[in-house]
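Just so it is clear, A, B, C and D label the chains in written order, and each chain counts residues from 1 on its own.
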Amino acid sequence: MADMTTEHELDTIDVNVNIGPQHPATHGVFRMVLVIDGEEVVDLVPHIGYMHRGAEKLSENMDYRQAIGYQDRTEYLAQFNAEMCYVQAVEKLAGLVPPDRAQYIRVILAELNRISSHFMFLGAFGTDLGVFGTAFTYAFRERENVLDLFEEVTGDRLMYAYFRPGGVAWDVPRDFKERVEWVCENALVGAMDLDKLLTDNEIFIMRTRGIGILNAQDAIDYGATGPVLRASGVQHDLRRAEPYSIYDRFDFEIPIGTNGDSYDRYLVRLAEIRESVKIVRQALAQMPEGPILPERMPRLLRPAAGEVYMRCENPRGEYGIYLVSTGGTQPYRLRIRSSCFCNLSALKHMTVGHYVADAVTILGSIDIVLCEVDR
Amino acid sequence: MIGVLRSLTATMGTMLRKPVTIQYPTQHRKVPERERAFPILLWDFDIDEPFCTGCHACERACPVECMTVTMKDNPKQAAGESKRRKIVDEFFIDYARCMRCNICVEVCNFDAIAMNNTWTGHELSVVDREDLVMDRDQLMALSKEKQIRPWVPGA
Amino acid sequence: MSLPFLWGVFGVNMNVWLDAFVRLQLVVVVMTVTVMGLIYLERKFVGRLQMRLGPMRTGPFGTLQSIADALKLLTKEDLRPSTADFWLFEIAPYVTFVPVFMTLLALPFMDGWFVRDLQLGLFYIVAISGVTVIGYLMAGWASDNKYALLGAVRSAAQLISYEIPLILGVLAVSIVAGSLNLNAIILQQDTVPNLVLQPLPFIILLTAILAELSRRPFDIPIGESELVGGPWVEYSGIRWSIIFALTEYAGLWGFAVLGSLVFLGGWEWPFGTRSFWGDYDFVYQLFLVFTKSFFIILTMMWISATFPRLRIDQLMSFCWKILLPFGFFQVIINGIVVTYKPSEELRDVLLFLTSSALLVAMSLAIYLATRQPSREERVGKLLASRSAQ
Amino acid sequence: MSPDEKDDKPAEETAEDAAPAIGPVADLFKTALPGVSLEAAQGALDVLITIDGKDAHQVLETAKNDEALAFDFLRNLSGVDYEDAGLEVVYHLYSYTHGHNVTVKAKLPSQDPRIQTVSDLWRAADWHEREARDMFGIVFEGHPNLVPILLPEDMLDHFPLRKDVPLAPLEEWQGEQLGENMANAGHIPPGSGFDVTPSAEGE
């Protein structure tokens, strides 16, 4: 009689919980079906493709300047980095070299965009863990400052379409330097606020340390890049490994994590905000006067036939543009290598074995942008 | 437990700072002059006719093809008042399709089209989507009332 | 009895039931007003903590916000899922709300003014507040929704397990006061409030109250970012407002008053029983109780605006492995100290030293617990290996 | 093979601007894979190795396992439709150890494109290959679950990124359709700066 209960275990069935396309934890339209046994996740089936708008097919029917708008709409949290990658791909094919002032403007705006994107992550990550409004309003106060600056420079808060192959569309306003300095100052204050609020808060540590561990070998195998890869301890940053544009003129450290869990991913991104402020300040000091577009720009750009795989360091990882041109005015094939697409493919590997609450934390710690995943 | 106390002081610390809320309908945020709300046509006040000559440059360059332009001879050119041989006859912009990418302003070689940098451009809301298709007079109305602030790159 | 004009009306030997009914109506009116006020206060205070203004649109400074909310909730349609279990779904809101309302009966708001003076006041309050769990479970099961079921099971685990620290926190104090009657406990505190004597039970009671009301660090059942809404996912309109708004905020007010009476000396501590203004000293007594419970409510709102959510297993281990042992220690030590009947001062000093020593030990234990290697490193991916076979 | 002078173009450009010198990675490939027919070319940034679809898996396996090459990071896998010249699957590889890049282009017939999957070498390829199947119809043999990833589950025969699939025509909003409901000027909210009654023609 004694072993009656132990011999046949209580046969429970696994429940399919649908963290559906419309859910506060999915930062956009992404659905994951969690097969859970009690509270622990046994299996996870991600469903993407809700935001697929065919940016690649549309770009093949647009000329080179019109296709810039689609880069903002795929990567809507780091638009300048995406535009910079596309514009440099076209420049590599067309043999255009942008003047120095334009390069500096691009680097400053791209780094500021990285800061605003990381603040978006901090706000959303805090909300995923339960600090309902506080982390969000701290992060968004800084993000608003950066977006106001972008509005003064380009005229738009989200869809800039400001970079052009060969430089930038028009020059920056006169008070650009003071404004950027003010925004950097505030970004550091915001980062310090969030650091004080979250970093060594015991409950935050308990909820994120050791959750969703991705060791270095798996990260490389899944093609994870950016903060997710650096949190696993791989010291690889495209701005340092394969410097594009003028990134080799600035010195900045690359923060890396130790054991690749959600806590390290949070720390890496928080440290990257400070590194980006350092880059912006150096770029601001060295920014020369001068033209922002080469003198004789062809009215309708026809890059030479050929192909290039241009890659830039976006806040979420390596954003690549594989551009094939056959000499016409329209790109023959424009393939966008999305950083979140690869980071997300490692979600199941990280989440199985954890609790339902951890599945939300891990999804938040990867910091996905669904438009970029689905293009 | 120090981390717990530290984050408590963090929230109490920010309580003493000034709240950042702008109460929208009563107070409006200052909009920079480079604001890109929606394209509008500019009015030439000294010859009292639109700058636009209906040359289809913007219509061809528009990625989402939201413009329709027709051209006609300029009666004033015959009367000798203006140098423009052609003037715009019909000009429709479908604001529902326009993605505000500013390519039409760059392509136009008569500087006839500009981006609306006023709050009314943002606060335009209509009941029926077809009302978003603006005809020539609606596009020129704002410029006639001198609400559009001109800006020069680098200013 | 220092309530001439009020007592005169009730003094006439009315029927006992009528007397209880009239006092209950008074408590109901006061409760609804305070619930409305607390909702408004929470939105404004947490807003100001997050550097924003909070509601400003309705009324001069958004003051009519909670009335607007109530009107909205009243006029909203009461949906019920077709596959819901009808009667359970209907009754669940009332089963959650009524016990919270009944705890207000035994609270002496002023010297000698209460709905009923129960000799076992404290015991009654703690027992009644345990019934809300059944309401949570009924709501979760009846709404036939996976999220609701998960939320209900989680809330059952949380509320039941945080019932015991609540009892221990209150028990430690009642041992010192020598009786479970709330009036006796308050009268005993005329020289020094129990918080000074017993800091540890106050902290344990505070966390237990937060968990009972499922407020922020412990709001696992209503995890907004995971199981959106927990057991109340399928409720809407006035039913939802009964469960969510009324229960939580009435409970917040009730437990805050209980905490202030038992630990901060209620209407007794700073002035003792000397009559101050003759017949009108119930004014400053009310004022004392109000400010102390207001202070406790503000700290709870402050805590709820700052901390992320605990995971369900951390919540459980926090309760069973930390709050409970220290609660038992506190009760045992109080027992020992009180039985040996030391002199008045020596007893106070002894109680204070032991309690604060235990408090420091508890925070150290928490600090070490959070620095543990995570479950995954210790146990490895248990489930992954199981699902991998 | 020191990785720093990997594939930068030599300083002196030949007169008729012939293809710039091919980077050293191409020679590494030739030494590692004697039997396979490779054509090496120098793209704008990386070395391009063009091979036939059938021996793609063999080439990529040596690319990953050979120590001199050691491409442990599959950056990007994309399909390209060259209409009559057939389909092409392009692998962009990067090596963390040596720090050099390569682009391997595998040629496929455009009718029934079949190629061996590489998801056993790099797990990153899993989702990229499913997307290439969605968009181009390339069948990756041996892929764990080749089901649509970006397109709806039942869209198994329509491959949008093929060149012969046209863009859908724009639904007409302007032009002739406008004629009949021009009388709607009244719908614009007053005070919005656009509430102008259509003036008489040709003022």
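Here, a contact is a pair of C-beta atoms (placed from the backbone, for glycine too) under 8 Å apart; a residue touches a chain by one contact, two chains touch by 3 or more.
Everything quoted here is computed from the prediction, not taken from an experiment.
Looking at B-C and B-D, the interface holding more C-beta pairs in contact is that of B-D. The chain with its C-alpha centre at the largest distance from the centre of chain B is C.
Centre-to-centre spacing of chain C and chain D amounts to 60 Å, using the average Cα coordinate of each chain.
The distance from the centre of chain B to the centre of chain C, each centre being the mean of the chain's C-alpha atoms, comes to 56 Å.
Rounded to whole angstrom, the centroid-to-centroid distance between chain B and chain D, based on C-alpha atoms, equals 36 Å.
Each chain gets a centre from the mean of its Cα atoms; for chain A and chain C, those two points are 43 Å apart.
Counting partner chains per residue, chain C shows two or more touched chains at residues 49-52, 305-307, 366-367. Taken residue by residue, chain D touches two or more other chains at no position, since every residue touches fewer. Residue positions 1-2, 4, 7, 10-11, 14, 20 of chain B each touch two or more of the other chains.
The complete set of chain-chain contacts reads A-B, A-C, A-D, B-C, B-D. On the side of chain A, the complex with chain D involves touching residues 48-49, 52, 54, 56-58, 61, 92-93, 218, 220-223, 234, 236, 241-242, 306-311, 318, 320, 322, 324, 332-333, 335, 337, 341-342, 345, 374-375.
Chain contact summary for the complex, chain A toward chain B: residues 62, 65-69, 134, 138, 141, 144, 151-156, 159, 161, 169-174, 193, 196-205. Residues 47-53, 56, 302-303, 305-307, 363, 366-367 of chain C are the ones that touch chain B when the two sit in their complex. By the touch criterion given at the top, residues 65-68, 72, 75, 89, 92, 94, 96-97, 118, 120-121, 123-128, 130-131, 133-135, 137-138, 141-142, 145, 147 of chain B touch chain D in their complex.
Residues of chain B touching chain C in their complex: 1-2, 4, 7-8, 10-12, 14-15, 17-21, 23.
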